[in-house]
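Dropping the structures in below, format is structure tokens.
Look at the two complexes coming up: chain A is in both, with chain B in one and chain C in the other.
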Partner chain A sequence: MQLTIKYFGMLAETTKVSEEKLHTDTCTVAQLVEKLKQQYPKLNDTDFKIAIDQQLVGLNHNISTEAEVALLPPFAGG
Partner chain B sequence: MNLNNRYHRQAILPEIGEEGQKKLSESKVLVIGAGGLGCPVLQYLTAAGIGTIGIIDFDVVETSNLHRQILYGENLLGKNKALAAKNRLTDLNPEITINAYPEKLTTKNALSLFAQYDIIVDGTDNFSTRYLINDACVIAKKPLVYGAIFKFEGQVSVFNHQNGPSYRCLFPSPPKAGSVPSCAEIGVLGVLPGIIGSMQANEVLKIILDLGDILSGKLLMYDTLMSKFSTFSVNRVSSEISKVLAIADTFESVDYDLFCGIKQVTEITAQEAFLIRNAQFIDVRETHELPKIESLDPIYIPLGELKEQIKTIDKEKETIVFCQSGIRSKKAIEILEENGFKNVSHVKGGAIMLSEYPIVNEV
Partner chain C sequence: MEKKKPKNVFRQGAISSQFIGDSIAKHQTKTSIGAHNIFLGQVRADEIDGKTITAIDYTAYEEMANLKFHEIREATFEKYDLTCMHIYHSLGKVSAGEICLFVFVSSPRRKVVFEALEYVVEAIKADVPVFGKEIFEDQTHQWKQNS
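Now for the complex of A and B:
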């Protein structure tokens, strides 16, 4: 299945893309994050939450259909 | 209503009316931080006729603030922001009450201050204050209108509103210290806090007037370069709320700089242990010793076996050890540090103190 991965804030600078497609088998969010961290080791140094189709989810969430995955970092500035 | 009335143009909106205007005039809003976000929040809330506005900021106006902190000008350089803002806002609307607090928000003053207001607005610029504000809002049961920015993007949400999620339900623990740059480090275009702060002011007015869909349970992201809004649903996580309520009685002594990893010490208190969640905990007591502190999900390695098993522990992670009363854990720190662990601390008073902080059920 195909996932659309969206990187927000500083994560887009870490990966140098703001959006990309990724082909993967059914997996959990944790497995997907591992895969992304292998591709972009610098993601290990940052904190972010995952949303699947605009819904924040935990690491155990199962991704089984085409979906939009957003990586959301916290912002501090004001 | 008189056409020349200050509030005429908003009061003629049927959704607001004189009744809505009365609600605004009876409301009390506390704005924390009178900087990039705080300035537009304060201007619009003042102009709209919020009856009582509190402004807390310890900082002074600097030249580098002026491109985005639009309440201030050259003549206010070096002046405290809360007092300077009050002056400017009183001119904008002398009919309301403005309380300026030229001080730092701390765990000591937060709860008594929050108790005097209906809605809290977060316009701060660092994680330790953001977590402090969230926790104080959970404890004081006040809605929190949140805004934060990074370069060309902003976040807005309303937390702790009518049993909605809190900031911790979205981001349970702070990022590694220094991993998220501030506006001072990375820069910001002045319009961004103008937009995000205005959206915060809008949420405040919606809450008071009970209008539309409040951004509770939703994180709104705005990208100014792409002119794009994205909204994400956030669920309430009861265990996150419970953890905050569990420290309510000792909130004044929580060290949020420590929690956010800005400060490192080798000894932490039991309540701080419950708040630091990026860390790995090691229980160095013998297996039969009680009470077990399961809520911290510790690794169980008795002190006598620590050297043998040291390779099974992740050296890179922040590590917190505890024993029954805090004596063996000190010894464990020495062993860990001898083996290359850099960020190690132990819990003062050990499991005896930890067991006094049960995870209370949510009220």
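Now for the complex of A and C:
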């Protein structure tokens, strides 16, 4: 399946990418994050949350269909 | 109670005092209102390690942020007896001293608006995916983080 991965704020700066496509088999959020950290080791330096199709999810969440996955650094609204 | 579809909360650049003034004026026809309460977030010229912040460049996961704003709005209407509520947040560059967040709640009675406004602002700070690049006078930057 194909995922759209979105990076925001300092994470977009770190990875130098704001959006990319990724092909993967069904996996958990934790497995996906591990994969992304291998690709962008600097992701290890920052705290971030994961949203799937605009909903925050935990590391155990299963990704089994095409989805938009967002890596969200600490919020700074207001 | 007022129910609406998610709308776009974001405005490009700073929120002007003209815009805020006009927004207040528009409520003169809503005569069941007895109390307004307004929160204005202003960009602070913090000094960090001898360097001063001159602006914040805001970005957001806009689709999710607008959904979150909508959820906050719905939850606030559930919780408090409000006549209306307006939220505007800046995107892009906002200089120190300029307004980046405008929250406006109105109710027949004053006690409600004090509580509701705090609830809305705290929820925005905690739950909405907005990101802020703090730009220093020498054009270096760091990333803002809500505490």
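One rule holds in what follows: the second predicted complex is superposed on the first by the 74 of 78 C-alpha atoms of A that agree within 3 Å, B and C clash if a C-alpha of one lies under 4 Å from a C-alpha of the other, contacts with A are read in each partner's own complex, and residues count from 1 in each chain.
Basically, contacts are C-beta pairs under 8 Å (C-beta built on N, C-alpha and C of every residue); 3 or more make two chains touch, one makes a residue touch a chain.
These numbers were taken from a predicted model, which means no experiment stands behind them.
Which holds for A:Gln54: it touches chain B only (first), chain C only (second), both, or neither?
In the superposition, A:Gln54 touches chain B and chain C alike.
With the two structures laid over each other on chain A, which partner does A:Ala76 touch: chain B (first), chain C (second), both, or neither?
In the superposition, A:Ala76 contacts both chain B and chain C.
More chain A residues touched by chain B or by chain C?
With both complexes superposed on chain A, more residues of chain A are touched by B.
When the two structures are overlaid on chain A, which partner does A:Asp25 contact: first (chain B), second (chain C), both, or neither?
neither
Per the contact definition in the header, classify A:Asp45: touching chain B only (first), chain C only (second), both, or neither.
The answer is first: A:Asp45 touches chain B but not chain C.
Check the residue A:Phe8 against both partner chains and state whether it touches chain B (first), chain C (second), both, or neither.
After superposing on A, A:Phe8 lies in contact with both chain B and chain C.
Touching chain B in one complex and chain C in the other: list those residues of chain A.
Touching chain B and chain C on chain A: residues 8-10, 51, 54, 70, 72-78.
Can you check the complex and tell me which residues of chain C touch chain A?
41, 56, 58-61, 63-65, 67, 89, 100-101, 121, 124-133, 143-146
Please name which positions on chain A make contact with chain B in the complex.
Touch list, chain A to chain B: 8-10, 45-47, 49, 51, 54-56, 70, 72-78.
Quick one: which bits of chain B touch chain A in the complex? Just the residue numbers, please.
33, 35-38, 122-127, 130, 147-151, 153-155, 170-171, 173-176, 179-183, 188, 193, 219, 221, 223, 230-235
Quick check: in the complex, which residue numbers of chain A touch chain C?
6, 8-10, 51, 54, 70, 72-78
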